[in-house]
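To keep things clear, I will list the structure first and then write my remarks on it.
Note that the chains are named A, B, C and D in the order they appear, and that numbering of residues resets to 1 at the start of each chain.
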Amino acid sequence: MSGDSHDHDHHSNDGAVHVHVHDVSFYLKVFGGLIFLTVFTVATSYLDIDGLVRPGTPHGAGGLNFLLAMAIATCKAAFVCTWFMHLKDDARFNALFFVGSVLFAGVFLAYTLNDTYYRQHEDRYQGVHVDPSTGERAPGGLADIGGSCEVPANCVSYNCEAGRCAEFVVHHEGGEGHEGGEHGEAAAEGHEGGEGAEAEAPAAEGEHGAEAAEH
Amino acid sequence: MATATAAHAHEPDYLNAKTGIGSWIYTVDHKRLGIMYLASILMFFAIGGFFALLVRIELMTPGETIMSPTMYNKAFTLHGAIMVFLFIIPSIPGALGNFFLPIMLGAKDVAFPRLNLLSFYIYVLGAILAVASIAINAVDTGWTFYTPYSTRTDTAVVWVTLSVFILGFSSILTGVNFIATVHKLRAPGLHWKRLPLFVWGMYATSVIQVLATPVIAITLFILIMENVLTLGIFNPQLGGDPVLFQHFFWFYSHPAVYIMILPGMAIVNEVLATFSRRKIFGYMFVAMSSVGLALVGFLVWGHHMFVAGMSEYATLVFSALTFLVAIPSGVKVFNWIATLYKGSISFESPMLYALAFLVLFSIGGLTGLFLGTLSVDIHLHDTYFVVAHFHYVMVGGTVFGFLAGLHYWWPKMFGRMYDENLARVAFALVFIGFNMTFFTQFVLGSQGMPRRYYDYLPHFAPLHGFSSVGALVLGAGFLVMAFMFIRSLASGAKAPPNPWGSAGYEWATASPPIEHNFHGQPVMTRGPYDYHLATDEELFDGFPEEAAAKE
Amino acid sequence: MSADTHAHEGHDGHGHHGPKWLQHHFETPIQQFESSKLGMWAFLAQEILFFSGLFVAYGIFRIAYPEAFAAGSMQLNKIMGGANTIVLLFSSLTAALAVRSAQLGKKDEVTRYLFITIICAFGFMVIKYFEYTAKFEHGLLPGIHWNPSHLVGIDAPLDHMHVFFGVYFMLTGLHGVHVLIGIGILFWIMMRNHNGEFSKEYWTPVDLAALYWHLVDLVWIYLFPLLYLI
Amino acid sequence: MENQTEPSLQLPAQLSTFAPEVDWLYHFIFWVSVVFFVGIVGSTLYFMVKYRRRPGVKSEPTGHHNTLELFWTFSPLIILFMMFFWGWQGFLQMAEAPDDAMIVRVRARQWAWTFEHPNGAIEDNEVHVPVDRPVRLVMSSADVLHSFYVPDFRVKRDLVPGMFTSLWFQAVQRDPGSVPDDAEVDPNRVLYTSQVYCAEYCGAGGAWGPNMGHATMYALVHVQRDQDYQAFLRAPRPLPCPQENGTCAVSETECSPEAAGSCLFGSKGCTACHQNQAGGPQLAGPTFVGLWGTQQQLTSGESVEVNEDFVRQSIMDPRSQVAQGYSPVMPQIQLTEPETNALIAYVRSLGTATE
């Protein structure tokens, strides 16, 4: 450590700033590479890699398209950092600090996932949205969307308990008039009081139960 | 040194170099900014302390004592939020760091003086918002703003979180500034192994400020948007995850604990070295333990959430890493004790605070072991045990460290001595009052008294009463201290450049320092704790009677 | 230390001998340059962590609700997103070229490149505007405003799809704010350059502004695939 | 309550199977801390006296001692690892409920607890559990975070809206309070009663009132012999009645529905949002004083008369009819038919009393 009282990389002793200047063509090449990678990543996104490997996975819901896209993005980011931002020629510490910040962001994501992803792994009652034995949906959650179970204007049959539209009009024309009627109906369906509602819940929540079990 | 200073007696100090209000408002002088920070944080310390007293008085007797439950919730929230965001976090870096970091580096100023000024005004803006929010219904969420309570309450959550969001940028900019300063503005001869430990501590703090604070900014921004636009990220009613908020919050707020404590430790290094006339034992270990704490501090936030419904895997990792924090903390304490060994120890008030720090921080640290241990934490979590633990670290640690620094550097900052006897009376009151208040709370917590309770069951009454009396003693101690300092400003004896006989670099300049700190560029030829290399004139500048005795 | 503290006293302690852009507390231009760069990189590091919160939110909810996120992503316009990516990459190129010209002391070239960068930034915001208005019209909004009237590729909205749009609007909105701030900074630097404040010896502010702009680009490089492509 | 437990100087009574282990580890850490603390403070004091400043005596230059440094850097790791490991083991035990654990469903809201037993029996702010049997609580919150905390059992777990959380415990006999196994079955016999706290801050009411919010979100765990508990589940549950000392309790003498309703009004947590005192401050929900028989404007634009049907509907399905000017925030509350009737009677008595 001796002798590094200033950790500047002294390029010369005159105290003035000296840098290596790249050619314009160099920057154009980097840009060309970035454009190529952009086109390439858009092209691969039309490819249903998830579906090919594990048939039935909705396009984009698996992990492989995601990994490929992230790998390409990381390449592009590396191009920008190294050459456009001159990290290659810059002081080492700057690169270290910047990369360090990305690592900390990674720690942030990894540790948080370590919680949210594994919540119900040890105990099936822990952290689930649907009670695995009764099928009851956890109160205080999505079921209460909007507070008063407001029916979206274009929904024909709204399930208040699930906070979800059971039957949906994609191109509706002025369904506001129905709102009052639908509302009452849905409410009556959703809240027949205590045990009744619970007994009914498993059927309505079957899909969710399955979804929860999958995790 | 005395002669050198005399030769330049014609040069005005930083307080007199320029005059007029404008010279303060637009100043880019790190020392003046330090003073402005000091005045602000002391004001907020007083306000935060006022709310603390309200809380303790309410809890003095069971049932309603002086206020309603809603008022009480607002009082403890404001106490926490003001103390954390407006006092502790900016206290040492903003006030003492700004003032002394460049001087200790032999620099004329911080790397970005205008950014420093901007950072101060961002702080002021955030502070004004926070205070204004008290007028518009205040806030009753606790300083942690946990969702979904913070998305449901009708208090001014948006205002207060916006204020904390803004304050965060002040903290970030200070951190950026200090990092660049420490790297690039060190005087010739001041290599990393000679860096004063205060600078090491501030450096580690700055790294956390830069890397952790933006996360609280984005967290609170999402929270504000959750309130204003509704997003469904934290709000469970919209499919969000309230526990996710806790991860976000503690990703900042745990490292923030080190933003608070590291500067306190940093000051204790300086004070212990000066008053035992000895270089800190294991200098490099102490310096590295600061950096180590800063980095490990990022990996343990989940220990605030052991009962929050986290996955078992996450609890495992977080608990294991939490114990690692004990290592660098222990290294510091052991090295401090070893520093006293074969020293020449005197007991002026800064040293009393530093020694009290040693004792109180040890209690704070050791009780942390209980809380890091999973099964024991289940019982102690969210009880008064936690309250006592973090007050031992934050008050017994940071505030005592801050007070040590304030007493230590007061003559340098203002060029005036204070009444040492009065300072010791204040110290005694603060030390006794603090322990009465908070040691009691360890007992309350282990018996199962939960936090943030307006009322309590009858069998907790004696301990709560005792704790409240302690808080009054603590408050009285601070009043005596305030009186002592104000009197020093008004009529204190003129301070010599080096009243404590320290070998630290900052004592080589005049008291108060001249506008550009030193005459020309200083060159460091010895470390800041090399008492055996320092000349007698340097060291006994402030103790003429001792110098005479030696002759 | 004592004697040496004042070793350099012989120099005039205050009056500076350096050029006028050298601030009084720096000894040499390289010290000032490297301090500025380090400061800027530290600032960029905090930007990374500032955005990290939203990326983490994205990651958590994407893994929790993969179908909803895939369906949400399907509602976005890949062509517009791709066009914006290219616009932003191009602006990054011109920003880098502006720095190069600054290093060579070519004042007019710097102004020209910065101007193109700013035009591209505006172009980005215009495309973003059209995207946003389309989303507003279709009711693809976060939280309680969620009221989809037009969906691509699916018959009915899924649970938690509005969470995707919550994250989408936060990420792109915050990025957009950064673009707007970037426009301001680039414009300011362009005017300073126009006034002849920079030279072959002193071009640090151009470099710093470009660094900031590249970061805006970097964030978008990740936003584009995360939101539009998968 | 004469059977209520009280804490000792350090730590409360040990009344679950977890408690002895947790306490053992607590005391282990405690004594380790005491040793370290005495060492730290002792050596500090010793050095302070021995090396106090004396004229003519200089400090000695600081040396290096890397072995010493490495020793005190790494040797504490052993003790720390032991603490971590035992803590982790204890935690795992608490995390994994036995498969045969009896499930009690816990519902929390601001600021009341409701417990549902396996047979559907409901209790408010108190719960009877059998001794020596594992009990698993499956918990949920309707509004904000709460935390179920029984110091005597050393258990605590947050309740998070939108998801379920779970904890389990097995209560054990308490020495003086034990009852012979062959004693006559009595559904009302309680071995001891432990305090339940809400440990996660959950706010306070909009005003002064009987309900202080978070700080009074108490509940009681009544531990019974298994046979007594089974009998308790089967026993008919009379409504609580006001007692002479101002509290409410289930007693031999029956009372009017209005009186029972006034008790339920408190125990079900209605006081959090509904004012039942004339001249009291406005809370989050409509004030009941003088409400009965009036016309009420709803958010849907309709106007209805406040009568038995309307009140019943509002209790059973709170969000179906929301009065103008109020938010649809009232949670659904588990009630039996007699309880509902008693509450309606109470609301009616409030409404007509001051008119």
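The criterion applied here is as follows: contacts are C-beta pairs under 8 Å (C-beta built on N, C-alpha and C of every residue); 3 or more make two chains touch, one makes a residue touch a chain.
In this text the structure is predicted, and so the values were computed from the model without any measurement.
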*Which chains, taken as a pair, are joined by the highest number of C-beta contacts?*
B-D
*Using mean C-alpha positions as chain centres, tell me how far chain B is from chain C in Å, no decimals.*
33
_Length of the line joining the C-alpha centres of chain A and chain D, rounded to whole Å_ = 36
*Averaged-CA centre spacing for the pair chain D and chain C, given as whole angstrom*: 49
*Just give me the whole-number Å value for how far the CA centre of chain A lies from that of chain C.*
21
*Taking each residue of chain B in turn, which ones touch at least two of the other chains?*
148, 183-184, 189, 211, 215, 236-241, 243-244, 247, 309, 312
*Which chain A residues reach two or more other chains?*
6, 8, 93, 100-101, 104, 108, 112, 116-117, 122-123, 126-127, 140-142, 145, 147
*Give the residues of chain C that touch two or more other chains, as numbers and ranges in rising order.*
27, 31, 34, 38, 42, 45-46, 48-49, 52-53, 56, 60, 64, 144, 159-160
*Drawing the touching chains as a network, do you get a line, a ring, a star, a complete graph or other?*
other
*Can you identify all of the chain pairs that touch?*
A-B, A-C, A-D, B-C, B-D
*Within their complex, state which residues of chain B touch chain A.*
148, 183-184, 186, 188-193, 211, 215, 236-239, 241, 243-244, 247, 251, 298-299, 301-302, 305, 309-314, 317-318
*Residues of chain B that touch chain D when the two form their complex*: 64, 68-70, 72-73, 140-142, 146, 148-149, 152-153, 236-237, 239-243, 276-283, 285, 306-309, 312, 315-316, 319-320, 323-324, 326-327, 330-331, 333-335, 337-347, 355, 358-359, 362-363, 366-367, 369-370, 372-379, 381-383, 443, 446-448, 450-457, 459, 529-532, 546, 549-550
_Quick check: in the complex, which residue numbers of chain D touch chain B?_
6-12, 18, 21-22, 25-26, 29-30, 32-33, 36-37, 40-41, 43-44, 47-48, 51-62, 64-65, 68-69, 72-74, 76-77, 80-81, 83-84, 86-95, 143-145, 147, 149, 151-152, 154-158, 160-163, 165, 195, 197-208, 212-216, 329
_Contact set on chain B toward chain C in their complex_ = 1, 4, 107-113, 115, 172, 175-177, 179-181, 183-185, 189, 210-215, 217-219, 221-222, 225-226, 229-233, 235, 238-241, 244, 247-248, 503, 505, 508, 516, 518-526, 534-535, 537-538
*In the complex, chain A residues that touch chain D*: 122-123, 125-129, 131, 133, 138-142, 147-149, 180, 183-184, 187, 191, 193-195
